[in-house]
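Common to both upcoming complexes is subunit A, partnered first by subunit B, then by subunit C.
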Partner chain A sequence: MKTPIPDRFLVSAGIAFFLIHSMQIGIGILGYQRDIAMAAGYDAWISILISGISIHIILWMMYSMLNKENGDLISIHQRVFGKWIGGFLSTIAAFYFFFLGVTVLRSYIEVLQVWMFPEINVPFVLGAFLLLIYYTISGGFRVVAGVAFFGVIIPSFLIVFLFYPVPFGELDYLRPIMNHSVTDLLKSTKAATLSFLGIEVILILYPFLKNKEKSQKWAQLGVLFSTFIYTSTAIVTFMYFSQTQLEHTVWATLSMFKIIEFPFVERFEYIAIATWALVVFPNICTSLWCASRAIKRTYNFQQRWVLIFFLLTSYIANLIFKDREIINVFISSISKSGFYMLYVYTPLLFILYHLKIRRRHKK
Partner chain B sequence: MRWERIVLMINWWKKWTQPNEQPKQEFKSISALFEQAKKSKDFVHYKINNEHGSVWISYIKTLVDTNMLQRDILPTIQSNNKQSLEEIKGTVPIGNVKITDDIEEIKKKLLGGSVIIQVKDQSNKCVIIKAQSKSGREVAAPEIEFSVLGPKEAFVESIDTNLHLIRKRIPSLQFTVKEMKVGTTSQTRVAVLYVEGIANQENINTVLQRIDSIDFDHVTDSSFITQLIADDQNSPFPQLLDTERPDRVSAVLNEGKIAFVIDGSPQVLIGPTNFIEFFSSFEDYFLNWHIASAFRLIRMFSVFFSIFATPVYVAVLTYHYELIPKDLVSTLVTSRSAIPFAPILEALILELAIELLREAGARLPTKVGQTIGIVGGIVIGTASVEAGLTSNVLLIIVALAALASFTTPVYKMGNTIRLIRFPFLLFAQIWGLLGIVLCFSFLLVHLLRLQSLGRPYLEPIFPPRIPDLKDTIIRLPFSSQSLRPLNLQTESTVRFKKKKAKKKKDIDE
Partner chain C sequence: MKQVLSLIVCVILLSGCTTIEKEVLDEIYLVTLAGYDLEDDKIQATLVVPIYQTEGTVRNEFYTAEGYLNQELDKEISLQTPNPVFPGKLEIAMFSEEFASKGFIELTDVYRRDPSISANVRLAVYDGNIKEFIYNQQVQNMDLGMHVAKIIEQAIEAEVLPKTNLHLFFQSYYGEGEDPFLPLLTRKNGKLKIKGIALFKGEKMVDQVLDDRLYIFGVLHNELTKGRLSIELPKQNARVSIGHVKTNKKVHITGTSSSPNIKLSIDLTGTIDEYSGGRKRVDKNIKKIENRVNQYLEKETQKMINSYQEQGVDPFGIGKEAKAHFRDWDSKTWQEIYPQVNIQTEINMDIVQSGVIR
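Entry: the complex of A and B
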């Protein structure tokens, strides 16, 4: 980064917690339990812990590169791969962020269609969402960080309700512990990591943090908190549903919300889904901000126009891909590429980068 | 013929569209100035003959204090046996007398209520004696920000009185008043107040610069200034706090904020401010902190209630009736069974009726206004329920929401809160609860984007500054208020020294 970003655009290091955490908790948490239980059964909560730890390590790798470079992914790419290949890779990263955002938006609208409004006018609600996203991102990174903050704080009351089914659970479902092979656990770990995707954003937004090196503590805490939520939700779910039941439950978390009742509210899941908009929308904003920022940094385009291009594309893409099969293929390929980006590309880049730095020092 | 008409029209159009500024009048001599002034009937210009010659006196009758003129100025001039300007200056028993030949200054002083005295009619040199008449309200008890406890003084329209009210509360040489003139025709005096060494210099510069760059013809009230210098002029949210309490102003000046007093306005502006501050009443500081915090919580709750109550009703009854528990359904069904309208229509009718009542009450004299409130509230409400136009459940909700919106201590914010529920109603009708959340997100993003004099509007919530939370939704005791708000980036951060040891005493010691 040649010109440092002016102080008034920066956010304090503690916000890294909210940015990372809000990226990780998205649409996945509403129904990840079935996927992770596929391979490892009810030992799958262990694999969440494993993948949580691996994410901590990956995040540490990212920070070690960023702290050295004091820049973002684009400058790291340029240093390691040179202008052309580096620019190409940055473009791929930008599109990855873009597709990440589109996936989340598409999945949320699907939840809406399945659970709340089967007849919802998709072009209309999509337009409203994209308008909101444009309004947010055009306010700059501080506003994006702000919605990430509120997207964690306001829906946090739902965390209490995640434990609501505990009295109805059976602890015996979890037993015996560790009756699956290591390969099964690792398979399930792979499925679990998909929920943890999103920490990549730190590669782009790092220069916007004050006290950059200190922010690692907060970012790691964000990952820790996500791991806690995922693990505890998984355990509660495993206690509540029997294994055969869970196999037929796509949105397990939402199904658990269903049993919550108050003297004045029945069908609590409606409130949960509507509030979930506040979880999902910062998530999309952060990824689209990162996407447009990456393009801006690589090609020196105006970020506003890049953003408008991305928003229009996602509008059209969301309308064209209506078929469930195509969406599934799309979503799983995005998560796969996210998986490879985290577990293959990041360590590779980490090694290459440090080799390059060391070689430069020797000269 | 027709062609000529077109040319005429084009000419008129040109004249209409082109900026056509009033030519600024430059007077060459004092007599030309008086010639222009004489066109107005209240300008007085006459000669007094005394023993040694004649003296010319000119002033604007309607601006000058006649008592002062007759008691102090005229006797001295008439009895004066010397006749140079210097001697008049020396003998008039009034301070701040000036001799000048600057026409521009003479004009300003004349229009400011000074008496101009010349010895020779034609010469430009003259004595200016300030004899401004001061008519205006007496300082009275605050009406808008009434408090049961605490000082009962409120600002009035005169800037000097207002400055006096503030200044006597801050006996410090660091207290600074910067004065400027705003408005091309009104030449309104604007005083910017701050305490040097506490207020952040950057904030002061922002304020001075913004006021300086105001280009407007007639500034009558502080609300003009608010609108002209606001960070985002298209926002429904007020970005400067206005108050009529001198005690509040002096308190926030000590906190490191900046206040501006505008001549002719009983409202003093305070900035930089934040969203939460609009829901704190100054009376909160007169009460015990537990009680004050409880009141603040009630106020925050009522804001939320007033915004969300009717939209949630509309959303639930239009889309999510499954949400309502069985026992409650029967109540709702009986109240709504005879209503011919959809919930949104019903809600809109009632909301508009309440707004109508409020507006009618505000425009009418107090006594009639009360009657309107009672007639509207009781008669129309009962009648519309009995006629089967609205359900009584909604009537209760709407009335409570209206009541809740009046708990906001700052009038401007109250207005915003009342209007903000209409977009929510619209969104609730379109997408139910999801619509409410969407609209809330828009509101949130808008508030996140807002700034007050360059400082974030949602502070201390975002950016989160935990020390500043001591005086927001809850008000902690004074012992924990020893530091000034971080948001203001004050030059000195400590208000008072915290007691060194808060050691707990043992029982019976």
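Entry: the complex of A and C
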């Protein structure tokens, strides 16, 4: 089991930045503002900073385990819980990654349906997307990492357009700062953490990084950059919409892009949505790669067949769950489990793992 | 080989041979202006569709329908048009004054719900019958919707009107401690003209600012950068016009949230463009002119604010400023105390130069 991965399959440590960041920026950023403003009103940008800091700590915990183990989640599970329970937990983790990918894919297709093509042929687009995902993942981890790299670089021009809505905004909406109780802020922090989900992938892909210990710096930088993007987007949004208006807005970021007009582009949000395919694509690829990799490591199946199984399942699942309400329940349960995975399970595992290591050293 | 094959399949699939309905530009009608009148209790919608003809000219086509809901109107209009009608290029939606004073928010639901409609669509109130205006308009060889929108755009550019569009209207409609407003249009000598600003309290139009008072409104509402102000100087028996007026508005709030004291202090800087005081040198009178401007603007702005306080409308967002200042601000109490709140204006004019002659 402990055979190191050959050098030619590894990616350099700096790519950790792109992998982590592209996992964190997904479909959530198109409409997270309403959810975080629910509890803490327009102080919610502070909660983003708080949850950003907490994510740094969680990521540090993950790295501290991974560095000791020099392996991945599967070997950590086996060391802490033994073969059977560990394998079971790894399977759950695999399915979590799988559902994460499915959620993002489903939400993106919904954005396409709502904003661009109401009559879109879902089975067809889904099929095309999944084929492309299969093609990417079967190219191996290096291809997935490359897609993540371009999925950050190419859409980054959209950051500039964040400034366009500012002249239509009101700084007064943000004041007075800190006018909500700590409880409210924490509630909204919980909502904000959902946007930061995705750093879990480091638990699976860690062995594929060169200079593993050094890569932490890059991964942390990735989180920092995500925090920056989420905070600045939230501040611009809060200035642009009055509070009740935001409550009526489902995709606040896209609605904000609607104000941008050029002589040659009547509707900028269409460009943004099309570009967003490049943002969600690496997101889905990384999740599904992690899912299939975790199963492969646990049961020694061939990754290609696991991947095909996952892709077919997600195709069917996406077609079965058409109802908006079921999708909502599905999405919120995934994000909830993501929350518990990060904030309950990871610290727990962190403590158990270090206790185990220490006990072994004593013996 | 397998990978090459799957790549080819992906390229073919993703290159657009999907089953999405195509909409060829020549085969659809794009509405640029929608006007809504009230006929009895029914809504009468008049849509303007520009038709670009092969010889390079534009002709406007009009369609009218009556009904209660947008969907009904759409249906009736689709019975009249040779091509399907789409709202994606809507430039302006106009509501008759009668309709505006009864409230038209429900009708605009579709404007916010439909993602194909821009956030930059202009909304406006029209003093008169819109259907009559559209059917008798004299704009030649130009898209009527674009034409009307440009009149408003030009006025915003020149800072005659404060910025307005669909998004900003709903920003203040939903915002606490502020009320929305829209441009008010009318017809003069057969041509469209900006009559002023229509003020709303909630969803209903309650008052209007006429065009000679727009400058006062502008000074109070936003910061101007290129305004022009002309004023009478009774003592010198002269008129003076001040250009390039830059304003800087500051709101000072003291007291408590239940009995606040609000002072709007507005600094203006400008240059003298024109002076009709005969041979008397203008530079000796600058101090007097400044004082006169201060006096005049203070009186007028105070009058405007007090009259809005009486009516309980707040187009300048004074409540919003108070909300940003007081931690215990509350929308309900504010609405109760707003008419009695002590709001002072303080104007400070500074004339920086008087042109190339003395």
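Please note the rule applied: the second predicted complex is superposed on the first by the 362 of 363 C-alpha atoms of A that agree within 3 Å, B and C clash if a C-alpha of one lies under 4 Å from a C-alpha of the other, contacts with A are read in each partner's own complex, and residues count from 1 in each chain.
Keep in mind that, in the parts below, contacts are C-beta pairs under 8 Å (C-beta built on N, C-alpha and C of every residue); 3 or more make two chains touch, one makes a residue touch a chain.
Since we're looking at a predicted model, the values are computed, not measured.
Visitor: In the overlay, answer first, second, both or neither for which of subunit B and subunit C A:F281 touches.
Guide: After superposing on A, A:F281 lies in contact with subunit B but is clear of subunit C.
Visitor: Just checking: does A:F117 make contact with subunit B only, subunit C only, both, or neither of them? Give me first, second, both or neither.
Guide: So A:F117 meets both subunit B and subunit C here.
Visitor: Please work out whether A:I85 is in contact with subunit B alone, subunit C alone, both, or neither, and reply first, second, both or neither.
Guide: In the superposition, A:I85 touches no partner, neither subunit B nor subunit C.
Visitor: Using the superposition on chain A described above, determine whether A:G127 touches subunit B (first), subunit C (second), both, or neither.
Guide: second
Visitor: For A:T244, select first, second, both or neither according to whether it touches subunit B, subunit C, the two together, or no partner.
Guide: Only subunit C is touched by A:T244; subunit B is not.
Visitor: Check the residue A:G139 against both partner chains and state whether it touches subunit B (first), subunit C (second), both, or neither.
Guide: both
Visitor: Regarding the shared-chain residue A:E170, is it in contact with subunit B (first), subunit C (second), both, or neither?
Guide: A:E170: touches subunit C, not subunit B.
Visitor: Can A:V182 be said to touch subunit B (first), subunit C (second), both, or neither?
Guide: neither
Visitor: Tell me which partner A:F264 touches in the superposition: subunit B (first), subunit C (second), both or neither.
Guide: First partner only, subunit B.
Visitor: Between subunit B and subunit C, which residues of subunit A are contacted by each of them?
Guide: On subunit A, the overlap between the subunit B and subunit C contacts is residues 116-117, 120, 125, 128, 132, 135, 139, 261, 266-267.
Visitor: Could you list, by residue number, the parts of subunit C that touch subunit A in their complex?
Guide: So the residues of subunit C in touch with subunit A come to 3, 6-7, 9-10, 13-14, 18-21, 88-89, 112, 115-116, 118-120, 163, 167-168, 170-176, 178, 317, 320-321, 323-327.
Visitor: Which of the residues in subunit A come into contact with subunit B in the complex?
Guide: Interface residues on subunit A, with respect to subunit B: 11-12, 14-15, 112, 116-117, 120, 125, 128-129, 132, 135-136, 139, 142-143, 146-147, 149-150, 261-267, 270-271, 273-275, 277-278, 281.
Visitor: Which residues of subunit A touch subunit C in their complex?
Guide: Contact set of subunit A toward subunit C: 114-117, 119-121, 124-125, 127-128, 131-132, 134-135, 138-139, 168, 170, 172-176, 179, 240-245, 248, 254-255, 258-259, 261, 266-267, 269.
Visitor: Mind pulling up the subunit B residues that touch subunit A in the complex?
Guide: Touch residues, subunit B against subunit A: 319-320, 322-326, 328, 431-434, 436-438, 440-442, 444-446, 448-449, 456, 458, 462-464.
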